[in-house]
């Protein structure tokens, strides 16, 4: 294990990590927002919208992310739809993550008991007040663990984007191996980096869960 | 005046001549150096080839690999064990071929493997069997007219491509976009993801035939030399492969392979020259 | 039509994908059982080590694990061809995820069941197979079927290291056609592959659903021999 080599490669690796974090952050935020929207559509009264969302979710969950990425980056341009490497990656990751977040939020919404609606009506709350002040806090707490899970998965799946040439962390490692053949050094380094990032992300998720559950904690 | 040859003498000289000739043929067949013991015991020669790089190696509609380098690999199998089937061909990608060799998943690389100093530190090469220069292409309507004008611009190259060093040294501030395959890089050029695309002369000739909107920039990039990849230190294997390649050249097998797999006459002539003549300033 | 022209090539790739998926399912199940057993072991050292390994497998991106197994293992002397290398790495990953599913299922069975089994003289294997497992199955099967579809989808990762499965076949077809004929069939080929994988995963979830029904028939009274009266149907424990 040549540590000097690793030190020499660190600047490139850090550039790759920055790209990984940027793509992940964008995809995660977009997927959370779109996931909530999608779940709202999914539980709406409109049958066509519901079916569309269900169809979208099932298709994304039933196909490999790698093939989805290749379709968006290599396949769509034949139809004239082309995005940069960065945006193809963000779009692919967001489409994938949104499907899972829609399911997570939907499960959270389903956990709200039916009696709550009647209680809101009894209290004279309007529909939107009921949705934001009553349902949202309850559903968010229920949806949080699986949603955070998907957030971490989205971050990990950014590694798939190395196949399209996006210069993110895994790409830098594989690229250097193609020229210098130092597989052990490169993989050891990126494994440590990924583990560290996932650890931090999961820790943040736990923190958010704790904070949200504080009103319900036993005194 | 010819001396009258008695029947007995005539027969005797015929026997002597034919046995000498036959002996030479046998000696020729036996004159290839032996294989390393491990490979001989295994009974097959595992060779890594390209399955997506016409005309060197591509996949036929039934999935079997065909191409010039495939023919070379099969011939190595014939020389080693007497049958073309004894060469076990597996498809390799450009960035996995050397790790596959050093990791003992294959015994030889016959997959458009260019010789470069960093690679020579990790593996050994046979004698060079193919050489050629690379070319840089741009879109027909691109403002770039020469290699020097690529200063500060981006060039598409397949991952692990050996043109990177020459380009870095000769074009200041050039950037690279590295993709997995030649077609990915070509598509990226059409999509405007970079300014130019570099690849070896043969592939470029193929592409120019199919894509009229490509224009090649004048000036040849550094010569590339392709050899068979061999694990470091396996001198027996190297001796065998070198002798086999020499024999193939003598028998004109390489030119025959070019004619079989390449349709365009100009490209044929160019490739035969690269296969048959020795590389300049090796 | 390009797809028809190369249909034998695609078929060979399809067979390899199926083969790899079967190997992955078997391998992941085996690893999951081993990991789950190790995590319930008495020795703190064993539990700690296995827990660390499982966490690493689940936290490192699968793409990295697959590449790692292919490029780094040979340096430790283990040199596998692309098929078995990806089979190993993806099975370990599947096992790490499966272990948690199994453990969740086993712990969902009330303690009283185990005590009752002991009272009947059923110990060890008998207790596990006759009493605990059948009740754990309804909890294990849905996420497990989901894991199996993930494994089938993960087989496409083999293409990155050269496994000749259907995704790689598609890539090679596109590559050659682009170079020798002009034009890119990427939309057609990748679109076809998306539909292919979708149908495959859909079939697997259908199979999973009937599997689930088999294991919950004792709860719904649908079974002829069920002791429950016909009109009381119970909700499957979530």
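Here are some notes:
Residue numbering begins at 1 within each chain, and the chains themselves are lettered A, B and C in the order written.
Here is the rule we use: contacts are C-beta pairs under 8 Å (C-beta built on N, C-alpha and C of every residue); 3 or more make two chains touch, one makes a residue touch a chain.
Worth saying up front: this structure is predicted, and the values here are computed from it rather than measured.
Remark: among chain pairs A-B and A-C, A-C carries the greater number of C-beta contacts. Chain centres computed from CA atoms place B at the largest separation from chain A.
A separation of 41 Å divides the Cα centre of chain B from that of chain C. Once the centre of each chain is set as its mean CA position, chain A and chain B turn out to be 44 Å apart. Note on chain placement: the centre of chain A and the centre of chain C lie 22 Å apart, centres being C-alpha means. Shared contact sites, meaning residues of chain A that touch two or more other chains, fall at 74, 77, 163, 174, 177, 183.
Among the residues of chain C, those in touch with two or more other chains are 71, 75, 171, 174, 184, 186.
Shared interface positions of chain B, i.e. residues touching 2 or more other chains, are given as 99, 102, 187.
Across the complex, chain B meets chain A through its residues 94-95, 98-99, 102, 118, 122, 159-160, 164, 177-180, 184, 187-188, 190-193.
Residue ranges of chain B in contact with chain C, taken from their complex: 51-54, 58-63, 90-93, 96, 99-100, 102-105, 181-183, 186-187, 203, 206-207, 210-211. In the complex of the two chains, the chain A residues touching chain B come out as 74, 77, 82, 84-85, 163-165, 174-175, 177-181, 183.
By the touch rule above, chain C contacts chain A in their complex via residues 56, 59-64, 67-68, 71-72, 75, 149, 153-154, 156-157, 159-160, 167, 171, 174, 184-187, 189-191, 193-194, 197-198, 201-202, 205. Here chain A touches chain C in the complex through residues 58-59, 61-68, 70-71, 74-79, 152, 156-160, 162-163, 170, 174, 177, 183-184, 187, 190-191, 194-195, 198-199, going by the rule given at the top.
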